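Next come two complexes, and both contain subunit A; in the first it sits with subunit B, in the second with subunit C.
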Partner chain A sequence: MNIDIANIQILDALNSLAAGLFLLCAFAMIATRQVKGCLRLFIGQSLFLAASALLLGLQHGSWHLYGVALVNVLSKAVLIPFILHVTMPREVYTRREINQVLNIPISLLIALVLTILAYYFTIPVQQAIDPQYRGHNLPIGFAGLLLGVYTLTVRREAVPLLLGLLAIENGAFFAGIAIAHDLPVLVELAIATDGLIVVFIVGVLIRGVQKQIGTTDVGALATLKEEVVE
Partner chain B sequence: MSIIAILAIPLLAAILSFLPWRRFPSAVTFFACLAVLVLTIRVAIQASCGVPVVVAPKWIAVDGLSALILLLIAFVGTTAALYSLGYMAKTCHEPKKLRLYYANYNLFIFSMLAIPVLVEPTLVWIAVGLTTVCSAMLVSFENTRGALEAAWKYVVLSLMGAAIALLGFLMLFAALQAAGGGTDTWEGLIAAAPRMHAILLKTAFVLILVGLGTKVGLVPMHTWLPDAHSQAPSPVCALLSGIETTAVLYVILRLFPIMKAVPDFHAGTWAIAFGLISTGTAVLLLLRVRDYKRMFAFSTVEHMGIILFAAGLGSATAHYGAFYQAFSHTLTKSFCFFTAGALIISTGTREIASIKGLIRNSPVAGVCLLLSGLAISGAPPFAVFLGEFTIFKAGLAEGRYLEIILLAVFVAIGFFAIMWHINRMVFTTDKGDPPQKIRLPASCLVVLVISSLLVLAFGLYVPAFLQDLLRLSAAAIGR
Partner chain C sequence: MSQRIIFNLLQFLVVLVFAPLITGVINRLKEIVQSKRGPSIFQPYRDLWKLFHKDEVISEESSWIFRATPYVVFSAPLFVTLLIPVLTTYPLFFAFMADMVGGGFVLALGGFFAGLAAVDTANPYGAMGASRTRMVGFLAEPVFIIVFFTVSFTAGSTIPYIVQKHWVSSPAAFLEPSHILLIAAFFMLILAEKGRIPVDNPSGHFELAMIEESKALEYSGKSAALMKWGGQMKMFVLLSIFLNVLVTPWGLAADISTGNVLLAIPLVLFKMFLFVLVLAVIESSLAKLRLFRISEFLGSAFVASVAAMILRLFAL
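Let's turn to the complex of A and B:
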């Protein structure tokens, strides 16, 4: 492909924009109480991931990355919300989380610290990467991963927890597309299918929890331990 | 060809399990697992000569190490299927739920069999992810509050680990690409490792160790394990505790020869540290368990620690010990959970404190519990003893006195903790009237006899072909 320098700079800038918005979505997911809002933000994040893959694909003329973008849009922006819609009980979406383990301003501060740490941790790895692939994908992807793990520790509601889980994978991918840009499409498809099965099974499980225990506040599930339960 | 059949049979059996005849799903599952076992033995004998059995060089191949894991999966799969035959018929009376159970069971076996058979690391990652989702419904099968809680923790933490490991696998792939390409298989990675960026390899290793370590149950990522391994129906526990953890640990061990290429990085040190922490924490928690299934679950954490520790030692003898330990742990732990199932049938409780005088009230369960307790805690002449002894010897020969002393202390604490609990259950005299005798299902009895005999036999004698497999496995992570 013959793209001149100016175009590459524009693509690079656009990719940085996508990366910034990706990170913004991750932050917003921590700050949102509504389950429905969380889902919308997750879809947004997945779309920015796809956009970044598309831009990197244009930049390097890599068909694999177009494949990644397409698979991502299809699975995460269309199929996963659809599966959630089918498997989840209706009232889950209208729930708001009142009791998070930490309040939201503190959560956001911690998220900020995690992002800085992500940049710090990825400095040595960045140096090992071919300069033309360097950019913001790796640190921001890693930050997305850490923020997802953080979400898992503070959230108590089942669906946001599941979305946090998927956000970790998004983060891993966001970092991954910058470095592993020639992953076979077969593997790509298999990973996406795996994600769909995960959502389906967890959806069924959440339904079971809701039926049996009467709530989707899975943070309240804490009966199995060594201490004597009074 | 037989390797393709090994993967295809469980899938077929999963579909057939939905057919509506009453006893059909359990029978089809058992015969499918038996067929897989026969085929794996064939493949293992082929692979034990030292030449890998290759189906598709870039995707599917079985070498000595894979064959060992494959053999273990197929063996526990078969005994647990036979055990399910009687156990599930006794504990679950809804035919529709049973069909679902067997369908999930076959899918779970399929996903585990895929781990050692695949050689493309990213696909192996997918297989590991599939084991979680296929077994989630098995863990929550009893649909009680506890079972659902356990399944939830299991799924969320395992998948979180898997997502972290994914970044590690993508980095491995990236490192391979940056090193000028090559086939993306375990072998290809080892060949290309000296050309790769050290920092990419190191980061990938740590991410994968932490990510998959969650699913192996390494401390401090073990919190879900005792829950899931105690709440599932007993035959499923045998699979989860006996082989699933080992199969995932196998993936971590596959990275060791790749890491040899990085001069200033010692994967072994990480393994020894994680191994000792896991073993130590597990044996201390063993002292205060109140549920005998949780006791066996913590003992799994302990043994995963021991195996990882042994793999971290440098010599070929230590690696041989690691795989012998993995082998004997799988046999013994499945026996332990089969015993736990027999206890549940004959006493109806999982609480250690409420079981007394077992040797008088239900002699079969009592004897099995005593045997399984002695076997898993490493008393001679059982197989686990031989494994631990080999590891101690190898460690001392390497001059790692401090680490070996620590490990020996932990193993001793584990022994006393397990035997203390079991002694209370088996021998304490029961003041009340002896409860009504409950007959164990015949299939459960058969499995208990087979497992106990094998656990004893392999402690006394290791057949030549198995020795070859163990030696090949040791060589596969030690070069």
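Let's turn to the complex of A and C:
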């Protein structure tokens, strides 16, 4: 590759920028109340993941990463929103989700602590890998994963829960592309298909829940109720 | 030597003269977005002129604080002007008198006096506005501290001129993630500090909902003009810090030629116009937050600034 040092530096800075915005999207997903806003932020996060994959691909001259970027854009920014749009009842998007176990400022502080922990935990790994591949991707991907888990624990509405699940996957991939830049496209393709199917099944499930009990507030489904069959 | 004195005075004059224009342009743009014609962009000048020629009424129950406040509010932004790059990239005389934290203190002094004066006349709306401003203020404080800390850590200095030099030094330095996150945090801070729309509605006329405006309700005549003008200059100064130091550190005069310094004036005003355009879009498309949601808004700003700090501290 005949990319000179200055260009590498700029690519590096752009990649870090994508990482920073990825993290910001993850934070904003915790801070936002509207289901629709949450979905938009998830799309944004996936686009930053794709951008990071593209930049890392340029930097290391690896066409696998271009593939990863392409598959990401297609599945997460186009297909998943489309499937959710088709399967979800309209009413879900107009609702404001206020039902959350912890309030938002506290959630944000916890998110900060999780991010710092992610940086702290990845220090030994960062020291072990080739300096060429060191960067913000690994800790931020890990932080994205933890923030996704956090979303899963505190949210009580079905769609944000699903998006939290997908955010975990995003985070794992964000970390993955940094340390395995020869990741075959096939793996990404398989995982993306998997994700699509999960979204589809959960979408149908949410639709069913909504039909049965008239709400998607699955946090309220805490106790079992026996149905008497006549 | 004499040239630098002239530039310093010029910088002073630019802030003094163009500050009402920025407010006029914001108001006009907002009206245009709402498909109305709106007042002329020179309306704030006419307002000031009118107020300066009116008689003043001061409550007998008020103390010297009420009388002194307009002068403090008016002069605080002018002192900060001496510390920040408005037109030139090289430091002028007083640039090393205080750093950004010092500038923040001087601006906060104006806010402090405005708060005291609002309570002074025992007007119930004034005290309410003052306490709400303090609430927003103490939520904004940690963000300010973290932003200053990260900026100084990145650039190796807290003097605004040196910080500005750091961002222009290379495109890689400019594109740093912590820089972009800092911009986001600082932008939210400006909105909160100047009482713009997600936090407070600057064009609202309902006293119970006011945060920023209700503090100056008791003033009339010359004092009201000084308070208004001071507020407009504070906006101008904050925008200069935001645009000239953080977002677009280009377009300032780099040498001592008078032509370049004069050329910097329209360039700086153009940058501010672009910013105001963004502001007008935000103000027309968002609704004001409920009072207790402000902590969420500033909490997000805090998280963005701390994320910037983390990204910077752990950069390998």
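The working rule: the second predicted complex is superposed on the first by the 223 of 230 C-alpha atoms of A that agree within 3 Å, B and C clash if a C-alpha of one lies under 4 Å from a C-alpha of the other, contacts with A are read in each partner's own complex, and residues count from 1 in each chain.
To be clear about the criterion, a contact is a pair of C-beta atoms (placed from the backbone, for glycine too) under 8 Å apart; a residue touches a chain by one contact, two chains touch by 3 or more.
Model, not experiment: these values are computed from the prediction.
Look at subunit A after the overlay: subunit B and subunit C fit there side by side.
Look at A:L79: by the touch rule set out above, it reaches neither subunit B nor subunit C. The partner that reaches more residues of subunit A, of the two candidates subunit B and subunit C, is B. In the overlay built on the shared chain, the residue A:D12 is in contact with subunit C alone; subunit B does not reach it.
Of the two partner chains placed around the shared chain by superposition, subunit C is the only one that A:A31 touches, whereas subunit B remains out of contact. In the superposed pair of complexes, A:L112 makes contact with subunit C only, with no contact to subunit B. Applying the stated contact rule after C-alpha superposition, one finds that A:L196 touches neither subunit B nor subunit C.
By the touch criterion stated above, A:I43 is placed in contact with neither subunit B nor subunit C. Between subunit B and subunit C the least C-alpha distance in the superposed model amounts to 19 Å.
Residues of subunit A that touch subunit B in their complex: 124-125, 127-130, 141-142, 145, 148-149, 152, 158, 161-162, 165, 168-169, 171-173, 175-176, 179-183, 187, 190-191, 194, 197-198, 201-202, 204-205, 208-209, 212-213, 218, 221-224, 226, 228.
In the complex of the two chains, the subunit B residues touching subunit A come out as 120, 122-123, 126, 129-130, 133, 136-137, 140, 143-146, 148-153, 155-156, 159-160, 163-164, 166-167, 170-171, 173-174, 177-178, 197, 199-200, 203, 226-227, 230-231, 285, 288-290, 294.
By the touch rule above, subunit A contacts subunit C in their complex via residues 6, 9-10, 12-14, 16-17, 19-21, 23-24, 27-28, 31, 104-105, 108-109, 111-112, 115-116, 119, 126, 131, 134-136, 139.
Note for the complex: subunit C touches subunit A at residues 170-178, 180-181, 184, 295-296, 299-300, 302-304, 306-308, 310-311, 314-316.
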